[in-house]
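The following pair of complexes shares a single chain, subunit A, combined with subunit B in the former and subunit C in the latter.
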Partner chain A sequence: MIRYLLGRAARALLTVALVVTFAFVVLRMSADPALVILGPEASPEMIVAFRKAWGLDESIFVQYLDWFRAILRGDLGISMRDGRPAIELVAERIPATLALTIPALMIKIGIGIPAGIWASLHRGTMVDRAVMGLAVAGFTVPSFVLGLTLVLIFSVWLGWLPSGGQDNWVHAVLPIVTMGVGGAAILARFTRSAMLEVLGQPFIRTASAKGVPWGRVIRGHALPNAAIPTVTMVGFMVGTLMAGAVVVESVFSWPGVGRLLVVAVSHRDLAVVQCILLVVAATMVTSNLVVDFLYGFLDPRLRSGARTGGH
Partner chain B sequence: MTLSSHPLVRLERLSVAFDGVTVLHGIDLEIRRGETLGLVGESGSGKSVTWLAALGLLPKKAQVAGRVLLDGEDLLGAAETRLDDVRGGRIAMIFQDPASALNPVLTIRRQLGEALALHRGLSGREIGAEAKRLLDLVGIPDAERRLSAYPHEFSGGQNQRIMIAMALAGSPDLLVADEPTTALDATIQAQILDLLAVVRRETGMAMVLISHDLGVVSETCDRVAVMYAGRIVEEGPSAQVFDDPAHPYARGLIGALPPLDGSRRRLVSIPGTVPDPRDPPPGCAFAPRCLHATRDCTAATPQLEEVAAGRRMACILAVHRRALAHREIEFA
Partner chain C sequence: MIDISRRALIGTAAAGAGSLVLPRFAIAQGDARPSITVAVQKISNSNTLDVLREQSNVGERVFFSSLWEGLIGRDWLNGLKKVPLLATAWRRIDAQTVELDLRPGVKFHDGSEMTAEDVVFTFSRERMFAETEAKNRSTLKAFEKIPTPKPGKELPVEVPAAARRAWPDLIRVAASGKYTVRFVNATPDVTLEGRLSRYGSDIMSRKGWEESASYLDWARKPITTGPYKVVEFKPDTHLILEAHDDYWGGRPPLKRIRFVEVPEVASRINGLLSGQYQFACDIPPDQIVGIEKNAGFEVQGGTILNHRLTVFDKNHPVLANTLVRRAFTHAIDRQAIVDSLWAGRTLVPKGLQWIYYDDMFVSDWEVPKFDPKLAADLLKQAGYKGEPIPYRLLNNYYTNQVATAQILVEMWKSVGLNVQIETKENWTQIMERSPTRAVRDWSNSAPFNDPVSSIVAQHGPNGQQQQIGEWTNAEANQMAEILETSTDHETRKKAFRRMLEICEREDPAYTVLHQNATFTAKPKSIKWKAAPAFAMDFRAGNFAL
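== the complex of A and B ==
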């Protein structure tokens, strides 16, 4: 188990390094930060000075090495746009993003999992079909469409809720609902199919043949097994706590990490982009490790080291 | 009627249909206290469905009709709470693939203890002691320690022993063993069958042994019923049916048994295949594969007729031949 976790951690680090490298290449090759940040009015001298100050006059390979060494030292760099450490800029925005994504995650889990279980137990009924129909709608409708629809209904037509900004919790309702509904739909479908898979297993019939009442067969025998794949999905959702709000933050002009990322990319503000990528990747890696740990807890077949079947 | 002649379980016209397709066509069968009944027939003939239906274990979409009498009480349509007492408490069932029949994420103690708590009202320390006794009984070494292990830490044969222990936990009057050795190696098969024989002797419970293995059935069962395409086609005391099978299907199965060398065999193949229940042939379901079939065979479905005490068969030719033989003896 320990060796397995170490292996996973090493793979995760490699992934992060690759993502960060890829972002560096794409951001640096796609436009010149000096031109983007200084704007069309800038004089040639200003541009040369800017390039020199930020090391942009070196070859891209040298820049990459310098920048990678800095990261290894724990130095995430300084924003070219406003001269502050990137980590500070990002850290400022994290609470606003979490204020959306954590309640949204609670909606996803709180509605999605019970709805999925419920649908699996009433398979083929009208209600099952209704839940699954909503679920399909929930994840085929892009979140900006859902977000804008909610704005149209609740802000423009009914005037109940504000359409953007961050003055108080009321502003958070629509973005949270927008994210929560789509995620709940995905989780409901996932939980339902995990439950149906488990309910078809012979050991469920064994439990019934033993005289275990159906409610206890569900709680004591089916759910502990269905939890194993469901945890994967929830873990993935936890992994997107930082990055999952880019679209919704843009739609609702919410000042979180997602909006910062959009602005930083458009300005080729490499340090900030990198810093966000690292925060996002760190969240994902952590949630993956937690999921792996939970697997060991939920599935005794993994605990004893004999890994049967892959995940 | 005395209690001993009163059947423990009696199936009356038990029928099952899935999505409008009838797969079980009115089974009549009796199990007496303490007896062993063998149920044989090719795959798909309805052996499992019969007993799953009797215990209310089929999926909801299954339409079940007829009666399932346990000591005279009809279980079809009984309340779920009543069925939960019967399942495991009066009638226990074990299945073909022991590895998947046990819950992979629960310890053996939990799974055994559940049955002990439900049917024997045990709790806490008592459960541990009784669970250990049961594991000892079915021959799991180091039972005390192994109680906290999970199914994947046991071999297939050991898992089937654990299934048997679980079935015994509720002290049932009837154990339905649905091909309990089909998924196991030959040597393990013999061990499990021996264990079932020992357990039966010690507890006196009745057993239905569903098996492909005619050799096993002929050795261990008092009576045997042969099923084909959702019907019982022949039934009688094992010795009689194996010595002198009457139905051409039973003759086909049994004629292929190795005579005296004792080595066990699976059902040999009779040319042709089991009919699709969605498209049954007219008349006798076996007629298309039967070497002796006449036009009369396809005219109507032969009924299961009692030709002698406890000897029943569903074949117009076989019944006719018996009658002729009878008359010849009488007039001789």
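== the complex of A and C ==
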């Protein structure tokens, strides 16, 4: 098991390295930050001075080596727009993003999984159709459409909730609901599909035929076996906690990591974009590692497979 | 301060999102003045409030007239004419020198009085120019002590570059009394007063600078003389300004102004309609009708000191022929663009100039007339055979940019020009020098009321278009030099007209499409007038409920 996890961890590190290297190259190939930050009316002298000050007049290879050395020292660079360390800028936005994404994740799990289980246990009934209808609507409506619709209803028409900003907890209600609804819909569909697949398995029929009460069959046999795809999806959702709110943060003017990313990309604030991608990639691979670890707990076959070399 | 929310029914919606409208003004207890929230797309591109670092239109909105003030100002609500601001009078000593009398009793936000010492410091190497030199300066450098910046107070590289662009030949600012200063230029320059009124020549407190721990600390909370002072600036989020009650121009009418960054247009409009914001800025022209269907709201604003252009690269094999570029200019029905995409709320200007140029404005000049037949004839004379001409385009960097481009391509097509749009992601790709660079979009501003600030600055020998190798013309460059150095009004005006003739007719470097405009939505119950600029004037006399 340890060897299995070490292998996964090594792959995770490689993934993070590839992601940030890719971002480094693409960002520098796609635009000159001097022109983007200073604007099209900037004088040639301003552009030259800016490039020199930020080392952009060096070759991309030299820039990469400098950047890589700095990372090894724990220096993730300075924001060209802000003049402060990029990690500082990102760190101060993380609480705002988590203030949305964690409650949204709880809504996704708290509503999505029970709804999926309920629908699967009432397959073909009106309940099932209603839940799945809502689920399809929930994940097909883009989050910006849902967000703006909620603003129209609850802010413009009813005047109950603010349309954006981050003054107090009330401002978080609409963005959390917007994010939660879509994720809950996806989880409901995943959970239902997984449950239906498991419920059709011979061991469920066997347990039932042996006289095991239906409640115990569901809790003891169906749910644990149906959990793997659901855990995978939840793991993915946990992985996107940092950058999963890009659109919603823009719609609701919520000053989190997602909005910082949008602004940093549009201004080619290289250090900030790279820092965010590093944090996001690290979160995602860590989450995947945890999911891999959970697979081992949920499915003994994987555990033993890992012990015998991962076959 | 304890804010009490007050809701008032403004009106009913006429359509769509129109509904009950509840604008809320925070009224401070013990201070009857209201506080307002202004939703903008962007507060500051540079994340600072330094006029020399934030050289953008969005910066102008929060800076003027709320925060920063110059010695000579602009009358924002009356044709942008030059008006006394922190200086009460000025006079020419000679062609290179201007002397100004400072307004006594002006208080900075920290309560200290503005004196000539602050003005001298504002234009110092420590604050503005660092180690840059005046363009035409030939002596003295060796004898002058260039101070080493204190740790943390080093100027970002953009600042001295922007300062030198604004003041290319300024060699000295000296106090000749507590309330008198002299600006000395290396060469004769009739635009010194204009430069004093321009964005970036605004006065700051020396004490405020010296007491700040770092440049960034200062640039986030500069101590200036404006009617409002900075309480809190959270980049990319909000800027809170509070009334500076010792303001020399009278007690400000608002207790607080909160600028909030709301990047999405729909969110700004919804916030306005729900009463969360009192002003929603950067409203696209196609949203004006929808907002004004709500009886309680109106959209104000209009033209700004910025023209949209189509720019030519005369090195392109097809565009090397002047006749082809001239055909481009005559094939455009500019008024149709203004009417269809701008709801008629901007105008087609008289070339690359603005009325506020005053006696330098060439009033009988016009953009090339819309004449498809003439355009087709010019192409025939040029022997143009329909070779493709690339048009590098950004995705709506400018308002209505893509729609304008599509209309232009159809207009050009109708006279026989085969123009092909190539969508690009950024300015680097747009400007990249290659055989496929031919036509692109641009806009030009006029930071002060003289052609030197626009046609010379952007299309003259040191302007971007020539620097990136798109276009040059020896005679136009001679005219640019005359405009920069001559002190004779008639000679300068003649040179300007000639430069317009060359750049817009004889050897087109660009063609002007229309004047740019900006629009702000607000409840009708607020008595406030928009300036013909991004600047929002919230001084006494321009805000009432």
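Throughout what follows, the second predicted complex is superposed on the first by the 301 of 311 C-alpha atoms of A that agree within 3 Å, B and C clash if a C-alpha of one lies under 4 Å from a C-alpha of the other, contacts with A are read in each partner's own complex, and residues count from 1 in each chain.
What we mean here is this: contacts are C-beta pairs under 8 Å (C-beta built on N, C-alpha and C of every residue); 3 or more make two chains touch, one makes a residue touch a chain.
Here the structure is a predicted model, which is why all the values come from computation and not from measurement.
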Subunit C versus subunit B on the shared subunit A, clash or fit after superposition: fit
Partner touching more residues of subunit A, whether subunit B or subunit C: C
Contacts of A:Val151 with subunit B and subunit C, given as first, second, both or neither: second
Partner chain(s) touched by A:Val36 [first = subunit B, second = subunit C, both, neither]: second
Which of subunit B and subunit C A:Ala207 touches, first, second, both or neither: first
First, second, both or neither for A:Gly83, with subunit B first and subunit C second: second
Partner chain(s) touched by A:Gly74 [first = subunit B, second = subunit C, both, neither]: neither
CA minimum distance (subunit B, subunit C), superposed complexes, angstrom: 48
Residues of subunit B defined as touching subunit A within the complex: 52, 55, 57, 80-81, 84-89, 92-93, 95, 97, 100-107, 114-115, 118-119, 150, 152-153, 163, 166, 169-170
Subunit A partner contacts - residues on subunit C that touch it in the complex: 17, 19-20, 22, 45-47, 55-56, 156-158, 160-162, 164-165, 215-216, 234-237, 260-264, 266-267, 270-271, 273-276, 397, 425-431, 442-445, 458, 462, 464, 467-468
Subunit A residues within the subunit B interface of the complex: 201-203, 205-214, 220-221, 224-225, 228, 298-301, 304, 306, 308
List of subunit A residues in touch with subunit C within their complex: 30-32, 35-46, 49-50, 52-53, 79, 81-84, 144, 148, 151-152, 155-157, 159, 162-166, 250-253, 255, 259-260, 262-263, 267-268
